[in-house]
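Below is a structure I'd like to ask you about.
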């Protein structure tokens, strides 16, 4: 179904295999999901995307689970079913409980509603929100 | 600029004032932001929205800061400037550091990119992701 | 601010003027709003868009006010401020009361929320909804 | 396919059953569609969403059919297939004819087109549209 | 699956057949894709949409392949799977190579990412970009 | 207005300056637009974004102007005013004429309309479009 089919590990070039290996090592898993096998037709995009994801999703000021929750929130808002499936799975793996899942969905739903109420009523931004953004800590 | 103007506390009906009071008490603040003053023209919507927000954004399986980060992620994806301003301010108040802000934006940007790569390549969902959703914990 | 500036009636070609005249006659008004003056730089797009709008927004199985409410619903969901301003004004002209405006916004907000709850929970379509679409009446 | 499966009436808690009963009574129907069975895993969201929908979709300044048309317009713009299926069915039940359906789709399509022409040409809002919003009636 | 089913050539009215004929002649093909068969239930929309598409997608300042790439970019951003499938096929027919496809997707993904970084950081427009738009040529 | 203000060249760290220099050299320009100055608060994002853009927007199977047109199409569909302003300016610099601009907008508008007609009528994908994607050339 993917536009060009999927590139399996055994059929991959050494360049692509090296990335597949890094994905599996980084994620402590023994399989590659379809997203990577689909974009592997474009090794430059595969490499750039993986390296960006690896850097962005690593533990930092935000923990990996929080980052997955944010990823799911964007994916639901964009209506990307594949992304919802894969990042929900990742979030579960990183510790998302069903209670967290439900609260996540409730916040996503509410935010989408108030985003539109704000837009429909054409609410002007409060001066208080225009002040400089807190103080870096 | 708001469609009907804003309803200030002193001009509000007792019904609306009661909600304004609850907002200020719940948020430990002494002012009401424009969103509430704009939708106060429709007291039923004001009441329903505030009660929903109050319930959804309360501490639960997810802490209040995480919920604000999710709110910002939806608002950026939906391109709602008012919502970005107000929920970024709320997130700062609840402890978002600038380091967290930067990581939040990086994840939002990346998620929006891969959502579209998935869509453009029409990637089929992996069987592994179709399995029942983890085990409630 | 419009990309190429606005083409005023007095500066318009006979071809563009004829469309401006038809817009004013059809709408029983004596001015042209900026949208038409902006796209008048491309007379083919001006003509095609006006003729389509004129045909689509005419009274039919749905009355003109209902059509404007639908137009506002799309414009709010798409976050198009110009479109919200112009079609809210048109709706008022066609009889939208403030009570209708408030209910319109409440429905738009709610629909945006449940659209995302459906997506987040990945709800499968009920067999009942897959049945053939009613009977033409 | 729904993330946690569906909660059928016979397996539901008394709290959830009470809401299912209210849905069926209010809608004069003898079955519950999947959306409610999916979010029933989170009784708080089920209750809040049902009560909001019940209040918002009730007859008011806008009749129930007009509200369903608006719901469909949002759902099409958001590309939510489940929502399109369920609210198209509701609209038919409330009297939408095929002629109305066709005009609805034509308006949705046109609004999405002009929303983007406005954005692409960066059209500034006419002063006339900035005037206060009509007079409450 | 289409709401009203599809209108095949043999079952079409003379009015609809004339449009089907024009589509096949213009596109040098001997079949009609489902989009047209679905909207043929509304001959006015069928006629208006086909005439607009025919005019807009014709060779002009932009060549037909470039127009198809733009169409795919919009369709991916809107997450419209049918549109992606049909316009990717059209683009291939007009000369899109796999190398072009990959670059197209990379640009779409990147644009979606930076669109959101711009929004998340609330970047103000540079004065240089507010200058009048080049010189018409 | 940008969340943290803008980092000017003279105030930038050597790491950031090196990227600013590369941007100006690559683009043959002597100034840096606000996007880069805004995200420079997060040097990792600045670096990753610039390197990705540089790679993706370079001449390849698609020429740089075509890539800018695609970028504008995504930005208009996403309603990102900054992105529209900056990429319209880039497109002009790379040779976009006003005739091209008008055709670009017409295609974007049309694509957004038919995307929604397809969705509203729930059109099923033609078997012909499910065939493997052409032959790599």
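Observations on the model:
The chains carry the letters A, B, C, D, E and F, assigned in the order they are written, with residues numbered from 1 in each.
Simple rule for what comes next: contacts are C-beta pairs under 8 Å (C-beta built on N, C-alpha and C of every residue); 3 or more make two chains touch, one makes a residue touch a chain.
Computed from a predicted structure; not experimentally measured.
Chains that touch both chain C and chain F are the following: A, B, D, E. For chain pairs A-C and B-C, the one joined by more C-beta pairs in contact is A-C.
Relative to chain B, the chain whose mean Cα position lies farthest away is E.
On superposing C-alpha atoms, the copy chain D sits rotated by 120° relative to chain E, to the nearest 5.
The chain pair from D-E, C-E or B-E that repeats the C-F interface, sharing more than half of its contact pairs by residue number, is D-E. Comparing the contact residues of chain A and chain E by number shows a mostly separate set, under half of all numbers used being common to the two copies. Centre-to-centre spacing of chain B and chain D amounts to 21 Å, using the average Cα coordinate of each chain. Separating the CA-averaged centres of chain D and chain F is a span of 34 Å. Chain B and chain F have Cα centroids lying 28 Å from one another. Shared interface positions of chain A, defined as residues touching 2 or more other chains, are 3-4, 39, 44-45, 49, 52, 77-81, 85, 88, 98, 101-102, 104-106, 108-110, 112-115, 117, 119-122, 133, 136. Residue ranges of chain B in contact with chain F, taken from their complex: 79, 88, 98, 101-102, 105-106, 109. On chain A, the positions that touch chain E within their shared complex are 3-4, 39, 41-42, 44-45, 49, 78-80.
Taken in their complex, chain D has these residues touching chain F: 72, 76-77, 79, 81, 84-85, 104-105, 108-110, 112-117, 119-122. Residues 1-4, 31, 33-35, 38-39, 45, 49, 52-53, 56-57, 60-62, 66-67, 69-71, 73-75, 77-78, 80-83, 85-89, 92, 96-104, 106-108, 110-115, 117-126, 128-130, 133-134, 136-137 of chain B are the ones that touch chain A when the two sit in their complex.
Residue ranges on chain F touching chain A, taken from their complex, read 3-5, 44, 48, 52, 55, 132-133.
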